[in-house]
Structure formats: C-alpha cells, structure tokens
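Shared chain: subunit A. Partners: subunit B in the first complex, subunit C in the second.
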Partner chain A sequence: MTARKESARGRRALTILRSRPFLTVAIVAAVWIAASFASRGFGAYGHLRYLVELGAVIGLVAAGQTFVVIAGGIDLSVAAIVTVSAVSLPLLSLQADPTGLTAVLAVLALTTAIGLVNGLGVALLRVHPMIMTLAMATFLQGLLIIIAGGSAVTAENPLVRWLGNARPAGIPAGVLLWVAISVIVLTTMHATSLGARIFAMGANPLAAALSGVSVASTTLAVYGISGFCSGLAGMLVLGMNGQGYVGIGDPYLLASIAAVVLGGTSILGGLGTYAGTIPGAILLVTITALITVVNASPGWRSILFGSLILGLLLLSGREQARR
Partner chain B sequence: MTTTATLLAARGVSKSFFGNPVLRNVSIALQPGRVHALLGENGAGKSTLINLLSGALRPDGGAIEVDGRPVSRMSPAHARHAGIAVVQQELSLTASLSIAENIGLGAYPKRFGLVDYTELAARARAACDLVGLREPLSTPVGHLSLGRRQMVEIAKALYRRPRVLILDEPTSSLSATETKTLTDLLERLRAEGIAILYISHRLNEVMTLCQHVTVLKDGACTADQSLEETDAAGLVRLMVGRDPGDLFPRWRPSPSPASAISVRNFSAGLMRDVDLDIRTGEVLGIGGLVGQGQEDLLLGLYGAIPARTASATVNGASGLPGGVPSANALGLAYVPADRKREGLHLIHPIITNMMLPAFARLPALKLRSRRAERDMARGLAAQLAIKGDLDRPAQALSGGNQQKVALAKWMPHDPLVLLLNDPTRGVDVETKREIYMMLRNLAAAGKAIVLLSSDTPELVHLCDRVAVVREGRIKAMLEREALSEEAIVSAAMGAEQQKVAA
Partner chain C sequence: MSTVVSSSQAGALYWPVQLRRNVGVRSLFAVVLAFLVAYGVLFPGLLTASGFAKFTQSWFPLALVAMAQAILMLTGGISLAIGALVSLGAVIAATTMIGPLGVAGGTAAVALTGVGIGAATGFIVVKLRLPAIVVTLAGSFIIGGAALLILPRPGGAIPEWLSDLLAGNTPAAFVLLVLVVLLWKLYLATPLGLSLYAAGENPVGAYRSGVPVDGARIAAYAISGLLCTGAGLFVAAQTGSGDPVIGSAFTLNSIAAAVLGGIGFLGGQGTMRGALAGSLLLSLMISVMFFLGFTPVAQYVAQGLIIIGAVAIPQFRKVQQ
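Showing the complex of A and B:
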C-alpha cells in the first residue's frame, strides 16, 4: 500500500521533472549560473532583480497571449495595445483624482474593450485571428500617431509612478503585480470551468461546441483577457520608463509569443500552461541582457536574439506531431 | 498445402507499446487470388498488424516476408515499392485537394519535371471507374460525403496497381449500393490474382466475400483457417472467446409514452418540411442511404445548425433551441458520428473529455474540484466498462472505448433526449452489445432515444419506430410490427413508391 503510494509520488515527481515548465526553469538557472561565472556583475542580486523586473512586462503581456494561444488563436495586437495604454494614460491624468486610480481603471477598460473587439471579429465575423489582430494593431498605430504624434508624453499619474519605481520590502512593485497576476491566471487556467473550456476549444473547437461550450463567449473572454493584460503591461512600462511614446510596446509582440512557446505551450492550441510562460519570459530578458554584455552593434544584437530563440526552441523540444 | 507463392506474410511477429504487448507471436500469410479476412474486437491488434505489414511500424520480434523473403527493415516506401497498398480506416485524404490530386498524391505522373495533369486525369478516371465514382475529378474531396470519400481512398490504392490490397473496415461508412460495388470490385481483383486482406465488423460481408480468415483476440491468433469450415456464430465465438449471446436485448414496449420533441414543417440543412414526434420511452430509428440529410435532422434539433419550423415543442418548451447550450439546458444531448473529429478531444485526458459538458454549463469562474471530477469519472468508467487509466489522452483508447467516452460524458446530466449519430460505427461486437443494452435501459427509464444508424439490423431489432429519410424528407415511418430489413431498404431506395404506382 505504502509502496504503491510512494511509487505514485515518484511518478508524479518524474512527471514534473520531465515537464516543459521545469525544463525552462532549469535552462534559466543554467544560463544564470554560467553567466555569473563569465561576467562579474551578472549574478549580483540587484542585477537579477532587475532582470525579473524587466521580465514582468513580458510576463504580463504573455499572460494574455498564453490564454489566446491555448484557445487556438494568436494575438498580434498586444504590442499596439501596450502602446495605447502607455500613451493614453498620461493624456487621461485627471487633476480631480490625486491617486490616479480613475485614469488607470479607464485605460484598463479601454484596452479590455479593444481586446473584446478582437474577440468579436474572430468569434462572430469569423475573421482569422492573425488577420483580425494584425488589422487591429495597424488601426491602433494609425490612431496613436494622430493623437500623440511623434513626441513622448510624460506620466504624472502617482499610481503608475509607484508601480514603476516603488520597492515594498525590497521587491519591485512590478514584480509583485506580476506575482499577483500569475496566481490569478494560473487559477483561472487550471482550476475554473472557464479554463477547461478554453483548453477544450483550443484542442477541438467543433467537439467543444457540440459538447455545449459557447465558443463565441469563450473567444471573447480570451481576447478580452489579453487586452486587459497588455493594458497592465503598458502601465508598468510607462511607470518604469517615465515617458510613453509611439512604438514603446513594439518589442513585446515577438517576446510574448516566444515566451509562450519557450514555456512549452502548443502554438496549435489546446495544450500548455502559464507556469511555463513565466520562466520563458525570464529566459528572454536574460538572453537580451547577455547579448548586451557581448557589446555588439544593434543589427548583430537582433540577429543573435533571433538565432538564440530558434536554437532554444530546437533544444527544448519541438512540437510533437499530432494526429 | 497450396503451391501458390505467398506475396506478403508475417511470421511470429510481436509488438509492444510502452510495455503493453499488443501482438504476441502472430502469423498471417496473404496469397494471390484470395480474400483474407482479419477479424477481432477493437483493441485486438488488427490495426497494429496492418501497420507492421505496411511498414508503418517495425515488429519487436518475428519477421515480415515479401515474396517469401524476410525484409529486415520494412518501411512504407519499401511496402509501396513491393506493391502493397493500404486503405486506412482513418481517411488519409486532403480535403482541399481535388479527387484526382488526392488519388495521385505522392505518385504524380511527371512530364519535363512538372505534374502531367492530362495523364493524371486519365489514370485517376480509370481508378474512379473501377469503384464507381462518377463525380467530376476536379471536385474537392472536402465536398464529398464520408462514403464517397471512402471510395476515393480505395481508388487511390488502386491507382498504384497494387499486388497486395489491405482494406481496414472499408464498408463502415458505405451505403448498401456502394458496398455492393465494392464487393463486386474485390471479386474481380481477386480473380486477377491480387492478394486482399479485408477487415470488417460485418460478418455477413465477410462470409460472402472472403475465403480465409485469421482471428485475433487480445493480440494473439485464435484462428487461421478456411472460412468454409465455420459459420458466423463460430466466428463470433472465436473473437469474443465465448458463445455469442443475443446481440440485441429483448424488446419491451415502453410503459407510458409522452411527447419529448414535436416539430411541424421543420427544415434544416438538407431536410425539408419534416413533421416528427419523438416520444419518451422509445428508441426512434433514423434510416436511409448515407447522406440524405439524416445528420442535418439531428443537428437542427440540437441547435447546432440553423433550422426553421412552423411550430416546435421541445420537452415542454415551445420553439427550437437557439444553440447547443440552450439545447443542453432543455435536456438534449448529441453524440456525433465522427468521434475523433467531432466527439472527443483526443489530446486531452479521458477524464477531462468526460467532464466537458459539465464545464460548459457550470458558472465560468467556479472553482473546479479535482476530487469530485475524479469520483464522477471513475463512476462513469465503471458504469460503461471503460478500461484504462483515466489520465491518459483519449487517443490512446480503442475505437469502442472512445465511443463509450463520447456517450459517458452526457450521463451525469441525465439528458431527456439522446440524439445519437451512428454510435456503433467501427465498434466491436461486445461494445455494440453493451451500447444496445444501455440504449434500451435508457428508453425503459423514460428517455427518448433518436438513433441515426447506417446498420440496418440495428434499426430493425433495437428501435420502436424507424423514420426512413430520402432526399431530405421522411419518406416512411415504419412501426414496430412493420419493421424488417427489406422494408427499410426498399423505403430508402424509393422502391415502395413504384409498388404503390404499379
């Protein structure tokens, strides 16, 4: 009896050790250890904390992206939504509200609404997610240029400034926000019926629909969540940066998708977990930091970044063939 | 015994998956001019044996022989080269390509390094003529019904001029006419000296078509003999390992019928102007040739496709359900025919497959209880005799067990009306019997069962009434006393009208 229980526990431990999230964590640890031997300042607590803080922005954008990808779609408008958030918040800063909360809530409502429009296009108009979200991104970029122009806008919002700079108990507020969001995301994904519906829809939308899953409302939900998460990420970037400008969100499109895939979520939908995306996001900022250390020209940095992501994906196992 | 050379043979092959033996020391020899039947329940190892013979898998022990010579590293390419063609049970066609392109795929005739479409069309036409496919060759395969696609699959095998033809349940989606065309064709190919391996769950087909039989049970060979030495009952005994009980449970009239669904002038998809009353406590059969609109009738009632009706009452509520969730709320459940594409989430664990209808109707942010889910799934697995670890993905199950999972997921919701689309297609005898028992028991418990079936004996022996559909209309409603295979087939073919006219 106890032997059986132990073997079951052993099997569970083995499953965790072999899982993609764990593998990604192991790669991050290996890279950190190797890099701290190679470069003196890399392993310092302050530097690692800074990496995680940068990772928080990617992690937040990738939270929504993980939901969308598991549901069988893709959101190519996340970068534009991050920019919308970072640019519109300073414009909305109201004198009447000293905390800045009203503006924050208004912007989150706006970005969630943008996500819902994506969802409407995908679910009701049956536009392919790639086309729908890419068109949305182009639309938003045009709108931002008209509203904000080429100049940077400075944020006067106290809440956002706190989010980007405060360190309660030595931990950056952005990281705390990421931890809180991670808990909510993982709970929604793996412990609610909505999460189960999202997985089912991503694996086989037809079978899900015939089993009574409302595909339209589930699709709306995932794109809405993605808009909300990108909106949060935009505020964090704004807080850390102090200024918002058109193009501030651009790095986060590839980064969010790469973090999702590095974390082992299937780009075909139906399989995956945010628990893998978290180390995936940290791995990405680590790679970026390493490339900066190498001190190459911007062109070579991009080439290195792209090649390293491809190499890592080959290393950590490609998508298994599905029938 | 015989002097004819064996074209393709397996000698004492064994194969295990993840330590589970699937085949143990199995031998089979295919000879020219003979139709060889391979029988066995789902999960007996038939598909694995075919995969070994066609080089898709390598045996762990034993040898595959081509023309009497053992081939050490059999591969699909080698098998094609040796003239071995397989018609898979899971159709391997590409929906967006045309009939001709699908038939020639991988073996296009070339001219100056480009595809020679004239030559391809001529050769594809010849292959289509053999199987009686008259659709234009440029039709995308996705536009064809399941039965016609099966014929394309067979034409694709014939296009390669095989010496050995392996057919895995070719008739499971064919209509009676198509089945007749196929059996005539196989007779002709046999006379030309082709070796044929034929797998089917329909014993009467096997008895008329085949000369030799190999029976597998739990991965071991239980018979390798001439078919003249046995009869259908004997074959079932060899497959199941015991005497065949009556396949169909005893029919009893339901105690107090009440109306479950009633529609007037109902139209959906191919179906036009249907008046139908479905009563509780009965099994209502839907028969007819494949693709006459029967499926649209079920889907329309289920709210899965748009439907119009003059008046409708569904479980006391007036009007048709506007969508699947509201149909579920009204007590309707639907089990699709194509369980891999429409019924199951193959990459997900069995347990989540079973729980999906529950997830669909619970409040979105309600926390799941893994323990309650596990208890419920264990109960369902025990109730329907679903074997195996519930955490494995559904694709690891055999066809019969997959079908049971597709049925099981509705049981906790106690649906008042079960709409079943060919639930026993490609399912072994034992599972069929279990499903029949279950349906009769559900009817006796006051549920309404609508059973769309391509298996005529099933309609005759299991149903209280049978609606026969032809060209989108219910052409005949046969009551229990009038039910016979002849009556259903003649109504399906439109023979009864001529009789009336005569």
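Showing the complex of A and C:
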C-alpha cells in the first residue's frame, strides 16, 4: 500500500516538475542567479522588488489576455485600453471625492465597457478577434488624441498615487494588488463554472455550445475581464509614472502576449493557466532590465528584446506536431 | 487521364471555374465599383492620366501588403511584422540607392532582405513549430530595431529619376501591379503554388497526398517578405526618403484588406482577386476621407468603425439567414 502511495506521490512530483509553469519559474530563477553573479546590484532585494513591481503591470494586463487566449481568442487592444485608463483618469479627477475612488471606479467601468464592446463584436457580429481588437485599438488611438491632445496629463488622484508609491509592510501596493488579482484569477479559472466554460469553449467551441455553454455570454465575459484588467494596469502604471500620455500602454501588447505564451498557455486556446503567466511576466521584466544594463541604442534594444523572446519561445512555447 | 483532356477542353473548363471562384466576392466587387464611380463623380480628376497615376500610386503599396498578408493567410499563417518589413524596405532603399550600390544594387538588397527575412520567419514558424502570431510579433521588434539601426531618424534619399518614374505622372505603379498579378498567376501554376491552397485548407491530408506542405508554407513567407520590402521601396520612392517607422499602419491595413476581400483566417479560403479588391476598397475609403477633409485623427476613428462594419455586416447577414 505504502509503495503504491509513494509511487503516486513520485508521479505527482514528476508532473509538477514537467509542467510548463514550473519550467518558466526555473528559467526565471536561473536568469536571476546568473545575472546577480554577473552584476553585483542585480541580486539586491531592492532591485528584485523593483522588478516584481514592474512585472505587476505586465502581469495585470496578461491576466485578461490569459483568459482571452484560453477562450480561443486574442486581444490586440490591451495596449490602447491601458492608455485609455492612464489618460482618462487624470481628466476625471472629481473635486467632490477626496479619496479619488469615484474616478477609479468610473474608469474601470469605462475600460470594462470597451472590453465588452470587443466581446459583442466577436460574439454577436462574428468578427474575428484579431480584426475586432485591432480595429478597436485603431479607433481608441484616434479617440485618445482627440481627448488628450499630444500633451502629458498629471495624475492628482490620491488613490492612484497610493497604488503607485505606497509600501505597506515594505511590499509595494502594486505588488499586493497583483497578488490579490492573481488569487481571484486563479480561483475563477480553475475552481468556478465560468472557468470550466472558458476552457471548454477554447478547446472546441462547437462541442461547448452543443453541451450547453452559452458561447456569447462567455465570450463577453472574457473580453470584459480583459478590459477590466487592462484598466487596472493602466492605473498602476499611471501611479508609478505620475503622468499619463498617449502611447504609455504601447509596450504592454507584445509583453502581455509573450507572458501568456512563455507561461505555457497555448495560443490556439483551451490549454493553459495563469500560474504560468505570472513567472512569464517576471521573466519579461528581467529580460528588459538586462537589456537596459547593456546600455544599447533603441534599435539594438528592440532587436535584443525580440530575439530573446524568440529564443525563450523555442524553450517553452512550441506547439505539438499535428501529424 | 489527364492526357484525354485536350487543351481546348481545359480552356473550356478554366473560365467557368474562375467564375465560380468569384461567387464569394461578387458583392465586394459591386461595392468597389460603386465606390469607384462615386469617387470618379466627386473628383473627376481620376479620369485624366495624371489623376489615374496618382490614384494607383496611393493604392499600390496597400495592394502589395494585402497580397503579402493574403498569401500567408491562405496557408493558414499570419504576419504582424508587415509594417516593420515595409519600413525596413524603405530605409534600405533610401540608404543604398544613393551609395555605391546604385539603383540596381539597392533594389537587389531590398529584394534579398525581404526574401531572406521572410524565409527565416517561415522556417521558424513551420520547422520549429512556433505560433505565427507570436513569432511575427517578436519579429516585428527585431525588424523594426534593424530599421532603426540603419536609419535612426528619417533621412536618406532616392534618386530623383526613380521617384519620378515610380511616383511621378506615369502609370508605372499600375503596370507594376499588373505584372505582380500576372506573376502570381504564374506562381499558382507551379507545383509550389498549387500546393499553397492544399497546405492551407488541410495540411494533414495534403501531406499524406505527397504535397510539400512545409516547402509551400516557407515559400509563402518568403514571397510575402519580398512583397513587403518591395512596398517599402515604393513608399520610399513616393516620399523621396526613408523613415524607420513609416510602415506601421500597414500591419492592420493588410489584415483588414485581406479579410475584407474574403480571405479566411483558417487557411485555404479566399482568392487573391478578393484581397486586391479589399485593398482597393480600403484605399478608396482613405482617399475619400482625405478629400472630404477628415483630419488624420478622425481618419483613425472612421477607419476602425468602417473595418468592423465591413467585416461584420456580411457575417451578420449570414447568421440571420
């Protein structure tokens, strides 16, 4: 009996060791250890904390992206939504509310609504997700320039400032927010019927629909979640930056998709977990930090970033052979 | 059995088949024609030689990138690096053509870069089995970075006679487009071209029937790269200089044109004439908005709305039926 129990435990340990999230965590650990030997300041607690804080923004955007990708879609409008959040929040700062909570809720409602419009287009109008969200991004880009003009806007909102700068118990508030959102996301994904419906729809939409999954409402839900998460990320980046400007969200499109794929979620849908996206996000900021250390021109930086992502994809992002 | 079909019988089969392939895009052709007539009525200059030249010149790069995207989508792939490749083509043209390489050398450099990068992308996607969306998204950073390295800020130059030839008052753009379309027809008649649709529609079935699936897909990426850098060369000739970010808008527009033209995302569905009509429609809309005095910002907004509408309405009608 005990032998069988032990072999079961051994098998479980093997599954964990072989799982994609674990592989990504291992890569992050290896890179951190190697980098802290190579450069003295890298391994300092303050620097690692800063990296995780930066990773929180990508992690939040990628939370929504993970839902969308698992559901079999893709959201190319996340960068534009992050910008919408970061630019419209300072414009909304209401005098009547000293905590700034009203403005935060209003902006979150706005970004969720944008996500829901994406979902409506995908679910009801049957527009392909890539077209729908790219067109939405184009639309928002134009709208943002009309609203904000070319200039940067400073955030006066106290809640957002607290989010970007406060450190209760030595941990940045943004990281705490990320932890809270991660718990909610993982629970929703793996322990609720909505999560099960999302996986079923991503694996085979027709079979899911025939089994009684409402494809339309599930699609609406994932794009709504993505809009909400991008809105939160926009606030965090605004709080950390102090200023919002058009283009502030641009780096987060590739970053969110790369974090999702590096974390082992299949871009084809139906397979994956946010538990892999979390180390994926941290891996991305680590790469960016390493590239900044090299102190190269913008061209080289862009080339290095793209090549490293391609290289990491080879390690962890390969699709199964189909024949 | 094929020897039984004489050439006259094959000819008799050819046109009905081509007509049947038009079925899906017939309404699109009607819309494009209506737009063209409206455009001609609004701006009678279209019917003069120089007006026609200018119009085809504004359409030409979009037509090339629409074809580039359509080839990939027909094989079941996609590229988000189209814009970056156009920029790279433009900066290479603007830096090499005035140098010792001259126009011929510069054109060769542009073409080789396009084919090389395209083939490399295809190799990574097909042989290493990485998802095309992510590879080309990462690729757009690498290619965009290379463009920034070659020309950090707008500059360089194109020999004046070449600009005049390609983007002056000559129908050179239209002639080139006809040539490209003829070459595409020729390519479809080669073994690799024949494999293109099969590889996109049913890769497993095609592989088991002896179709060189991987080869067809890699060749599609290489051709797509060539078309993109070619479009970049033309854009550089139009503006007379190079700009490392001039191509960014082409990524969305290429996908939009291909989808407007009835190319499906799953591979093997759609025709090149559809993609060309889609790009013409998009180009007409952009020109009309420009002439009606829309600001560039309002053009963004309108373009986003029109693309969603144009893709959604036919789908919606299909659902209703």
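Things to note:
Throughout what follows, the second predicted complex is superposed on the first by the 320 of 323 C-alpha atoms of A that agree within 3 Å, B and C clash if a C-alpha of one lies under 4 Å from a C-alpha of the other, contacts with A are read in each partner's own complex, and residues count from 1 in each chain.
Heads up, the rule we're going with is that a residue touches a chain if its C-beta (ideal position, glycine included) is under 8 Å from a C-beta of that chain, and two chains touch if they have at least 3 such contacts.
Bear in mind that the values here come from a model prediction, so they are computed numbers and not experimental data.
When the shared chain is aligned, subunit C comes close enough to touch A:310, but subunit B does not.
Once the two complexes are overlaid on the shared chain, A:203 sits against subunit B while remaining clear of subunit C.
Within the superposed three-chain model, A:142 lies in touch with subunit C and out of touch with subunit B [touch as defined at top]. Using the contact criterion defined above for the overlaid structures, shared-chain residue A:191 touches subunit B, although it does not reach subunit C. Set against each other, subunit B and subunit C differ in how many residues of subunit A they touch, and the higher count belongs to C.
Contacts of A:151 after superposition: neither subunit B nor subunit C is touched.
Overlap of the subunit B and subunit C interfaces on subunit A comprises residues 322-323. Considering their complex, residues 302, 304, 323-325, 327-328, 334, 336, 341-348, 352, 355-368, 395, 409 of subunit B touch subunit A.
Partner subunit A is touched in their complex by these residues of subunit C: 78, 124, 128-131, 133-135, 137-149, 152, 203-204, 207, 252, 255-256, 259, 265, 297-301, 303-305, 307-308, 311-312, 315-316, 318-319.
By the touch criterion stated above, subunit A contacts subunit B in their complex at residues 187-188, 191-197, 199-200, 203-204, 206-214, 221, 270-271, 322-323.
The touching residues of subunit A, counted against subunit C in their complex, run 74, 121, 125-128, 130-132, 134-143, 145-146, 254, 257-258, 261, 267-268, 297-307, 309-310, 313-314, 317-323.
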